[in-house]
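Step one of this worksheet: look at the structure below.
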């Protein structure tokens, strides 16, 4: 079971990387706030600020699906233990591509969005596959 | 301990269902964006779009309480292991009723809100009850 | 391992306290909605309402980093098992100071923000430290 322990550590490391990426999206919102003089509690008034804010919010919206699926897949999908963490890394890369594209032009956000959406879909499939196998094993 | 293993699987399945329901609220926001021509990063400008967006955001706001309570209750509440997953299902049903009501008229969001709020309150009670029992067991 | 079991219970209790604090920030938004007659789906139109809403959203934004780091630290950081829960409590206190300061004047949100940011940074360090030690132990 050495590789299962290692795989869980990989999942934990990917979680930390995802949180740092998410922190970076929030940190840029703070930077845009001072750059464009947007006083709290306002979250509108400048295009570049609004883009940075939407990047953070959209990352947040996806994070709430990503982290549960990542850890359910880690817990239940045993066929290739490292796949869960690898898919998690693809999701993070997709979100970085999304953030950089969005800040250039909101219409350039699609490539990164699709990469991370596919990684999320793959994690959904490994999670459902893993739960189904665990159900069969427990019921046998 | 067969029913505890099954109960955890039920909690995992309910988590996946809740994430799919949440994905659906976000998917509709994307649909409303193209239907009403709301260009990113804007999140205002059309009533129907704003309703869809608020449904997603409010679901997100609650998800962040729901998932931790669901899994704390799963981990610590042992009196009736299946109750945790059952309460989770009630929460998801409440959120669907909320989303459908809100899209008809924001004033119709209350019934679904109350259903899911009661399910959340019940999960808070089972969690606190479970933690208290675990504390007594560990300290004994 | 008695103190590890107790430490996990402390982490669970801190999680419940953090969720109650977060619920309070959302509850106040509802109160401000009726006080200032802000009809859903609007989330703008009154300064005090917008402050309450930003407090809730900023708490949500941080919660998504806080809860994963709290539980990763709980799982992997074994040097002083109670430190994780203690740092979690500091984070909650910082968020309460933040919320109260923000409602007085948005410029008074910094003290609470810094307290909770430092607690979050400390949880990041204990998490990375714990993962590194677990990696060494698994690989040895």
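Going in written order, the chains are labelled A, B and C, and every chain counts its residues from 1.
Rule of thumb we're sticking to: a residue touches a chain if its C-beta (ideal position, glycine included) is under 8 Å from a C-beta of that chain, and two chains touch if they have at least 3 such contacts.
What you see is a predicted model; the values in this text were computed from it and never measured.
Looking at chain B and chain C, the chains that touch each of them are A. Chain A and chain C touch with mostly distinct residues; of the residue numbers seen at this interface, under half occur in both copies. Rounded to a multiple of 5, the C-alpha superposition of chain A onto chain B involves a rotation of 120 degrees.
The distance from the centre of chain A to the centre of chain C, each centre being the mean of the chain's C-alpha atoms, comes to 19 Å. Counting partners per residue, chain C has 44, 60, 64 as the residues that reach two or more other chains.
Interface residues of chain A facing chain B in the complex, by the touch rule stated above, are 44, 47, 50-51, 53-54, 60-61, 64-65, 68-69, 72, 75-76, 102, 106, 109, 124, 127-128, 131, 134-135, 138-139. Contact residues of chain C toward chain B in the complex are 2, 5-6, 9, 12-13, 15-16, 19, 22-23, 26, 39-44, 56, 60, 63-64, 67.
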